[in-house]
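Shared between the two complexes below is subunit A, which has subunit B as its partner in the first and subunit C in the second.
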Partner chain A sequence: MSRAGVYLIYGLAALALVAIGLFAGRFVLYLTMRVMLLAIFALGYNLLLGRTGLLSFGHGALYAAGAYGLGLFNLHVSHDPLLGLLVGVAFAALIALIIGFFCVRQTEIYFAMLTLAFGMMFFSLIWNLREVTGGDDGLIGISRAPLLGLPIGRDYQFYFLVLACFALAVWVIHRIRGSAFGLVLAGIRENHQRTSFAGIPVKNYRLAAFVVSGAFAGLAGSLATLLESNANPFSAHWSHSAEPVLVSLMGGLQTFSGPLVGSVIFVVLREVIERFTENWMLWFGVILLAIIMGLRGGVMGGLEKRLGRARAARPGGAS
Partner chain B sequence: MAKKKMTRRDFFKAGLLTGAGACLGAGVLKPTGLWAAPAKVKGPVKIGYQAIMSGTLAGYGEFHKMGVDMAVDEINKKGGIAGAKVVVEYRDSTLKAPEAIKNARYFVDSWGADFLGGVDSSGQALALAPVMKQLGKPIIITHAATEKLNEIEVFQKGIKEVFRISSPTYQDGNAAAFVAKDLPAMKWATISPKYEYGYTCWSMFKNTLAKLKPGVQFVAESWAPFGTTDFRAHINTILDAKPDGLYSVEWAGELISMMKQAGQAGLFNKIKHVMLPVGAAMDVLEGLGKEMPDNIWISGRYFFQYPKDKRNTAWVASFVKRWKHYPAYVSETGYSSIYAFKQAVEAAGSKDAKKVIAALEGMKMQSPAGERVFRKQDHQAVYTVPWGLTAADPKYPFKVMGKMVVIPAQDFFNRPPFKGPESMPPFKK
Partner chain C sequence: MLESFVHVCLAGLSKGMFIWLVASGLTLIFGVLGVLNFAHGSFYMLGAYFCFSLLSHLGHNFWLGLILGPLFVCLVGYVVERYFLRYVYHIDLPYQLLLTFAFVLIFDDLVKVVWGAGSIGSPSVAGLSGSVRILGRLFPSYSLFIILVGPLVALGLWGLLEKTWAGRIIRAASSDREMASALGVRVPALFTAVFVFGTWLGAVGGGLAVPYVGLLTPGMGESIIIDAFVVAVIGGLGSLKGAFLGALIIGLLSSFGTRFLPTFDMFLTFILMAIVLLWRPQGFFGEEAAR
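Right after this comes the complex of A and B.
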């Protein structure tokens, strides 16, 4: 697709999001926020999976680190949401640095298993440190104080904070992908030996990718904590870590917009299925399977291929 | 929702009515007793109900639905709630707090629910409390047991929208201690779930029993993580400590596993007094069948053999007839939650949230489990559930309660203001 076409689509999407914030009902507002939070989580995650080629099963822990970082700060230090978000993101990045330090020495299944193990360790820690984390009850009673004097207590107010963070995340991640750093990550994915022969410290780059994606997971987690007014231990569970994997696979690993589209499908599809049956898990699974098996490269990957083929078929259309 | 404009004709009618009312006097306008026809409420009364319907605990969701469906069918057959039909929609709550919140928001903001019900997990109930305040609709919790819900969220923080019809942890901790004080056991130990529910119940049991029976000792604790299937290590820890009594708030499938493995390890020959606060759940009794030993103390949030009155007997009979199952406690609490809303709406003469909340506060209702009163201060339903010793009965393919001990709920429910020892049992008469 042409560059102008892509900008047009992003522009329309941004317009639609603003319109939702201004005119939509409370539930649509809430669901859109959930989509954006999942998208931040998955976009950041895909820097690691799609870009660097590392499959992590521990990002739930980093999401939870953001959630509990903000939650504890909010309950014990200050209600300021901006400081809270910063603390949440910083804490997630710190945890990512620690976990990443041990994990990036390995690749493939070993890396996946190590992240899974660290993630579940973090989950147990949250579960068992009852005095600090509230155990399985989680942290409750987190409040949304005004942000720089602007009230965010109501959903239609808070929505614009989420939207701003989402837009910022999309822009930053897009820049990262296009930067020299992002290209090195892609190089590592394609052939890490060759990259290392080129004199690039592969482990450091992997660690950096891990921390950056962890910081975005933390951002999603801290925003979610403000949205739901509580932090819960299941957000650190491996089953939650699987969400960005599914979303990225569904949308398309190798595309920038894949996780975005995947997030929309993930949340909306489930919402639609639940209106027809309480047995939603079965149908949800069947449809996910169909998408992942049927569309190689995910929805966006498949779409790009389709568009590319159509363009190639047109005489002189190949670009 | 758009408010209907008052037309000139309506205005005229209102004027006429007021005039007529003034002439006839207040007694006629506000009929009481036999004269009180049920107030008419517009449109269907919509109740959004969520419970766990997926994963290993999905059976609980089914039990919830059996009770709720029965209440809805009965009510609609007899003309609905104040003339309006009741409609219930179910959603799977899973065990995760964000899912419960999403469901609640869907029910109120998208489906247009008037009231909410259900919820199994304590963490979810606590997370929902501030959301319900924001949504402004009442919820009746039918299973989640944490006392923090009524003591902190409702009483302390003043969240008026949350009510609970099922008994809280007082039944598991305090009531158990009242039963245990009369047993010839001085040394107690526990195998309990390694989460808030397990910790809370055990500490409540310890505190209350220590007050009731000075000199009692607590010799071992073994905490089983969520999803434990192999209890042998926990059982050995307990056996090593040689207690006289075992207290366990394990529940559902995990309790079944624990009981089977304890039987194999010969635990019941060595420890004579075993107390299972949620052992009287139907899934456990049916799941264990004959493998449940005799003379185990069990309780729950309701047990179908109590109270032995006409209302309960008839209800159990019709439940068994319809579902070929004995009612689980969540079936009863789910069923009664719908009737609680019915009674409150009819008392308020409206389904307006604020009026219904006001009607629910302090409301006394008759239900299969007996008389319930929603305490005004903390919105907790106060009602009595028996403790009993398991026994075989040829009428049932599972163990039921033989000897029953009934401790009135007023004697062991923590009391407002939930501060200091005066709020906790035992209370001075």
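Right after this comes the complex of A and C.
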């Protein structure tokens, strides 16, 4: 696809999102917000999985760090949503720094198991420190005060804050991928030994990728807390970390737009399946199975391959 | 004081042996196939539900259910390995893990469809339902039974792997897949056999869980699989000896944690896992170089 074509598609998507905010009903608004939150989570996560090649089971904890960071700040310090978001993201990044410092010493399955261990430690703290975190009830009664004088109490108002954060996240992650930093990460994925022979401190880069993706998980978590006005302890559970993996995988791991498309598919599919049956996990598992067995590049990977094939068939069509 | 100490130890031992029953299959499968199988917890759960169902159909003969139930689960394991897992051995780790995770989602919901989403109370076993008096306090005799079964399973596995012809082939294939294949071992068939055997171990663990846990819930596999992961990792992925020791340690740690530090019970388990992974990623008995 040509550059102009890509910009056209992103432009149209942005227009559609604004239009949804202005004209859509509550249900569509809510769904679209969930899609955007999931997309922020997955885009950040994919910086680690798709770019750096590290599989983390600790991102649920980082998401929860954002959620509880904002929640506790909101309940005990100030209702200001902007400050709250900053606190949530900063807290998630701090936790990511601590967890990541230990985890990046190992790779592959050992990295995955370490992130699982640290993530579950965080979960156990949230679960057991009832006085602070509310235990299994979570944090409730988080309010949406006006942001810089603009009311965000109602969904159609809050929507534009989510949209702004979403746009910011997409832009920043896109920039990161194209930057020298992002290219080094891809180098680490392809061959970490060679990258380190080139004089690059691989561990530091891995840690940086972990913290950045953790910060985005935190952003998604704190926005979700504002949206639902509560923080849920199960968001810290390791199984929640599987969600961005599924989303990235459905959309396509190696593509930038993969997690975006995957998030739309995930949320919409879930809604549709839940209309027909209570057992949406069953169908979801079947779909996941089909993706892994057959369509390993995800939807966007498959699409890209098809477009590439068409281009190759047309002489001189490559751009 | 002493009685309480002994009882906490016994509770820890029975919990540890119980985790071992599940972790042994997981470890065997990882050691030979190199796949970390999330669905192992589901096999455990299926084992429990199948045994439970057979119990009510077979006139409440627990032992008959324990023999027949896991065989059904083996069939499930066969299908999973033969028609799905086999095709992802050569691809990246995330895909393998996710494939087994997909089966977790499927089996969890299937159990809900077949047996209902609520918990089911499980029956007790004739002859083992009472308690024994140890140092003046009562201890459930079924837990004592589990403490005995654990080492028996370990002994059986050791004998199978070290003393039999089949065990020698399994060890050969696990240390060098290609060489074993060159020497005429039908590696794909062997992998299927090992996977089915591992599945059987998990399902038997589930069957034995029926009287032990008291309640059957559709999510029961997910909670045990994490304990089994911890144990397998601590002992050294792929090492049965390590998994046995790891299970003892985790069982005792969790039992003492529950007794003396209830707030940090779960925390202790995971911090131990993290420390072992950082200090010795290959675990207690893992091979030298981390893969």
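Annotations
Throughout what follows, the second predicted complex is superposed on the first by the 316 of 319 C-alpha atoms of A that agree within 3 Å, B and C clash if a C-alpha of one lies under 4 Å from a C-alpha of the other, contacts with A are read in each partner's own complex, and residues count from 1 in each chain.
Everything below uses one rule, namely that a contact is a pair of C-beta atoms (placed from the backbone, for glycine too) under 8 Å apart; a residue touches a chain by one contact, two chains touch by 3 or more.
Not measured: the values here are computed from a predicted model.
Overlaying the two complexes via subunit A brings subunit B and subunit C into a clash.
Judged by the touch definition given at the top, the superposed model places A:L114 against subunit C, while subunit B stays out of reach. Looking at the shared chain after the overlay, A:I292 reaches subunit C, while subunit B stays out of its contact range. In the superposed pair of complexes, A:A242 makes contact with subunit C only, with no contact to subunit B.
In the superposition on chain A, A:L62 makes contact with neither subunit B nor subunit C.
Residue contacts after overlaying the shared chain place A:A93 against neither subunit B nor subunit C. Contacts of A:G135 after superposition: subunit B is touched, whereas subunit C is not reached.
Once chain A of one complex is fitted onto chain A of the other, the partner contacts of A:M281 extend to both subunit B and subunit C. By the document's definition of touching, of the two partners only subunit B reaches A:N232; subunit C does not. Within the superposed three-chain model, A:Y30 lies in touch with subunit B and out of touch with subunit C [touch as defined at top]. Counting the residues of subunit A touched by each of subunit B and subunit C gives the higher count for C.
Common to the subunit B and subunit C interfaces on subunit A are residues 127-128, 278-279, 281.
Interface of subunit B with subunit A (complex): residues 53-54, 61, 90-92, 95-98, 101-102, 105-106, 109-110, 122-123, 126-127, 129-131, 146, 148, 157, 194-197, 199, 226.
Residue ranges of subunit A in contact with subunit C, taken from their complex: 49, 55, 102, 105-106, 108-110, 112-114, 116-118, 120-121, 123-125, 127-129, 238-239, 242, 245-246, 249, 253, 278-279, 281-282, 284-286, 288-289, 292-293, 296. Against subunit A, in their complex, subunit C makes its touches with residues 36, 84, 87-88, 91, 93-95, 97-99, 101-106, 108-110, 112-113, 222, 226, 229-230, 233, 237, 262-267, 270-271, 273-274, 277-278, 281, 290-291. Listing the residues of subunit A that touch subunit B in their complex gives 25-28, 30-31, 34, 127-128, 130, 134-138, 140-141, 224, 228-230, 232, 234-235, 271, 274, 278-281.
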